[in-house]
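Labels run A, B, C and D following the written order; every chain starts at residue 1.
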Amino acid sequence: MASMFDPQDPQYDARVRETFAAQRIMLTFGARLVRVAPGETDIELPYREDLGQQDGFLHAGVITTVVDSACGSAALSLMPAGARVLSIEFKVNLLSPAKGKLFVARGRVVKPGKNITVCTGDFVTQDGTKLLAIMVATMMCVR
Amino acid sequence: MASMFDPQDPQYDARVRETFAAQRIMLTFGARLVRVAPGETDIELPYREDLGQQDGFLHAGVITTVVDSACGSAALSLMPAGARVLSIEFKVNLLSPAKGKLFVARGRVVKPGKNITVCTGDFVTQDGTKLLAIMVATMMCVR
Amino acid sequence: MASMFDPQDPQYDARVRETFAAQRIMLTFGARLVRVAPGETDIELPYREDLGQQDGFLHAGVITTVVDSACGSAALSLMPAGARVLSIEFKVNLLSPAKGKLFVARGRVVKPGKNITVCTGDFVTQDGTKLLAIMVATMMCVR
Amino acid sequence: MASMFDPQDPQYDARVRETFAAQRIMLTFGARLVRVAPGETDIELPYREDLGQQDGFLHAGVITTVVDSACGSAALSLMPAGARVLSIEFKVNLLSPAKGKLFVARGRVVKPGKNITVCTGDFVTQDGTKLLAIMVATMMCVR
């Protein structure tokens, strides 16, 4: 499916992947950026016990971390060359316990803007059948 | 300063500490529960490079993880014996980059309830002089 | 398009319309419930100057009021007979100034639950071409 | 109590009052701006039946409207002369039904900024004894 958005920076893919690679927490978690398109990214996260809360499911904050990175990466893909992205704020609703072996965080731009970009994100089981969490995030473009 | 709330479970302190200790992600991050009072908890987090985002500051999701745990612990401290706490949703505003050596996440109950407890949380530098992030969280009591 | 959800109460349509009619603020605003389906409702709001903010656009709080009612109505449509719905919390992102003659607020259930139902909502121009605001809302079922 | 913030515009008080007066919805609701200080405003709202939800309490959206205006006014009080304020997003938690004759919405700046100002707000009974709702809001300065 084609993206709704035109990237300003033809090198957007490389730039998003580079920024992702510089996020040490993604390495710490074992998260992988598996898809980049204009205004859209997917990050995979395999389950690990050491990312869990008290019942062994993924901690809500771990989910948030990965979905926030997906949203930030999606926003960054539409920003001009040289710009950086910062999360101003986000809200997350946890819908179901994150049980499973492999998860996907999907970030999507809803409204790009010169200064402010609004994204939605979600966190699903790898086959996409179960919606575990949703996010709305406000991102800022820093030049 | 005395807490505004009376705990229902006289063993609240032990129960909150036990639940915290069962959250594997807290160990992964090196976070320590340093204070428990009725409706209030503080968690310390030393800076580590491997918890960083692309500029080396703590990732917004790491901050969220720790403040969410502080809020959940605060909510749990007022719940009856045997109850568990679940985060339904939270919102975080990131106010300043998390630069520093040692941080504190503070969770406070604003409105306890039989089913739903609302908390506010923040994330500050260890000396309390700089406010880095604020959270509002909705917690559910599961019996 | 068929709804994804089965209503528990066969009289859901009448019950949602009755509750809507009892919301005096909807009458005050001139808002009309124009569609009810299981887990989905649409509310129309004609522009009026006396609902405006300082630039003459609809006030963010007016938008919120109508989208919250759409989300609450959507949640209520899936609740059992005799239940009432309460908004626990919501978050709204304002994407564009609400200019126009006629607007639609759409409420959709994302995750129904015995106690907690999570909805998303939006506010669009009447032809559906312009997205003006988005909401995520947490609703409680009160028996 | 002295405010924590220094206004950039010595005419901040008149400017905030003027912008408030231009918000037609405030007149529609019968809301009054009763206090302006640098980074802080209070708005009073008398109860009226025609602002109610289905149980006769103030509608969550009405509460939101007034607290959003209090937060926006607080943010505006710290902005330079000629600037306008826009709500980017807010989150509201409803803590108790809004029963009473007179309410106060209080907006407070938490973090002022050149482009983005973060505020917290609340909605209380007029004597300040009962906390009915809390808000976190992100405001933008438009020049």
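One rule holds in what follows: a residue touches a chain if its C-beta (ideal position, glycine included) is under 8 Å from a C-beta of that chain, and two chains touch if they have at least 3 such contacts.
On a predicted model such as this, the values are computed, not experimentally measured, just so you know.
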So the chain most remote from chain C by C-alpha centre is B
So chain A and chain B: same face meeting same face, with over half the numbers shared, or different? same
Can you give the rotation angle that fits chain A onto its twin chain D by Cα atoms, in degrees and rounded to the nearest 5? 180
When the contacting C-beta pairs are counted for A-C and for B-C, which pair yields the higher total? A-C
Centre distance in Å when chain B and chain C are each reduced to the mean of their C-alpha atoms: 33
Let me have the rounded angstrom distance from the C-alpha centre of chain A over to the C-alpha centre of chain B, please. 23
Please tell me the distance, in whole Å, between the geometric centres of chain A and chain C computed from their C-alpha atoms. 28
Hey, what residues on chain D touch two or more of the other chains? 88-89, 91, 93, 118, 136, 138
Under the touch definition given earlier, write down the residues of chain D that touch chain C in their complex. 19, 22-25, 27-28, 49-56, 59-62, 64-66, 68-69, 84, 86-94
Residues of chain B touching chain C in the complex: 88-89, 91, 115-116, 118, 136, 138, 140
So in the complex, which bits of chain D are touching chain B? 91, 93, 95-96, 110-111, 118, 120, 131, 134, 136, 138
